[in-house]
């Protein structure tokens, strides 16, 4: 019961951060917000009892993806134009 | 009569599906390439959580290992042991599928980021309209 | 006897850490500037992360579970507490230095000695 | 030996405290103006997440759920270093 409530809160905050990424003009902020969204999905994975996914998901989804995108963003412009 | 557990369950599934819809809308309408790739990671993460949710049983108390760690007959376990295992433990098959999907997804994103870096070096911008020549 | 002492000591540490974490989050929400929020982040890292992990390690040692579960939980808690106590101040310092030097957030101060030293070309901080 | 049911009465209070702090930190992340504020708030959010993982492991009495704690504690320093390198190498224009 209490674990389902925490899972519902985590999924709601992930939804809010996904909506904010779509409306964001600064791409560096969008990458950091994608890290936050991965944090909330990691809570959901721990709540629904999948510990063997966590060790791969945290290392790849949180660490390597944001590092890779910030490395690529040095080659071009930072802000998105309308 | 729907219990509170069932209502929370429906809410979680609907929220994840709505996340996927928002990210797909962003991929279709926003011009920056790196932002499109970030939104693509969100779609894949939401699909992983949805697949894990399919294998969950309400009332399960263990990750997919044997509770206690010891079987009395590992080759031919008895009927009672298997029934007890099935009532206490979530389904392990979707989790095994997703472990391979995460690793393949990393290789795919390295490939896409390399392509977009070469594209930015040859055209000077990450904007998709400037690459195609529609906007100066 | 020693089990009850460990349990209540750990419970007191964890509740104290939870209260400090809540206070730090409210302060983080209300402060105005990035350089003010560094103070709240220090309370959130040490008071809200280090103390509850030590308390949870003590709680896990005093329960009537199997030995390998207790040892695993308390060992992971102690290692994570050591990592947080070593890396959180270093990370905050690196971030504050990069923010000040790149001009991402300009501080509203009367006198700025670091900027004067950098303009004079002396030893940079 | 302390009985486990003593802890079960206290666990909802601890879950409530740390989840409330996590929600307030995430509000700060969602409404911040600059990148530095956001990264600092993500650090505090990750520390809260570590404690919630340990509480979930105590709730289910399973040590397997604590696998992700130590990579998360290392991820805090990695994000700080990557973002501050990007800012100080002149990429923020």
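Think of it as A, B, C and D in the order they're written, each chain with its own count starting at 1.
Everything that follows uses one rule, which is that a residue touches a chain if its C-beta (ideal position, glycine included) is under 8 Å from a C-beta of that chain, and two chains touch if they have at least 3 such contacts.
Please read these numbers as outputs of a predicted model, since none were measured by experiment.
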Pair sharing more residue contacts (C-beta pairs) when A-D is set against C-D: C-D
Length of the line joining the C-alpha centres of chain C and chain D, rounded to whole Å: 11
Euclidean distance of C-alpha centroids - chain A vs chain C, Å: 22
Separation of chain B from chain D, taking each centre as the mean of its C-alpha atoms, in whole Å: 21
Overlap residues in chain B, where contacts from two or more other chains coincide: 62-63
Chain A residues counted as touching two or more neighbouring chains: 49, 51-52, 57, 73
Every chain pair meeting the contact rule: A-B, A-D, B-D, C-D
Chain B to chain D touching residues, read off their complex: 61-63, 65
List of chain C residues in touch with chain D within their complex: 3-4, 7, 11, 14-15, 17-19, 21-22, 24-26, 28-29, 34, 37-38, 41, 44-45, 48-49, 52-53, 56, 59-60, 62-65, 68-69, 72-73, 76-77, 79-80, 83-84, 87-88, 90-92, 94-99, 101-105
List of chain D residues in touch with chain A within their complex: 11-12, 15, 19, 23, 26, 29-30, 35, 38-39, 42, 45-46, 49, 52-53, 56, 59-60, 62, 64-65, 67-68, 71-72, 75, 78-79, 82-83, 86, 89, 91-93
Of all residues in chain A, those that touch chain B in their complex: 1, 4-5, 7-8, 11-12, 14-15, 18-19, 21-22, 24, 27, 30-31, 34, 37-38, 41, 44-45, 48-53, 56-57, 60-61, 64-65, 68-69, 71-73, 75-77, 80-81
Contact footprint of chain D on chain A as seen in their complex: 2-3, 6, 9, 13, 16-17, 20, 26, 28-29, 32-33, 35-36, 39, 42-43, 46-47, 49, 51-52, 54-55, 57-59, 62-63, 66-67, 70, 73-74, 78
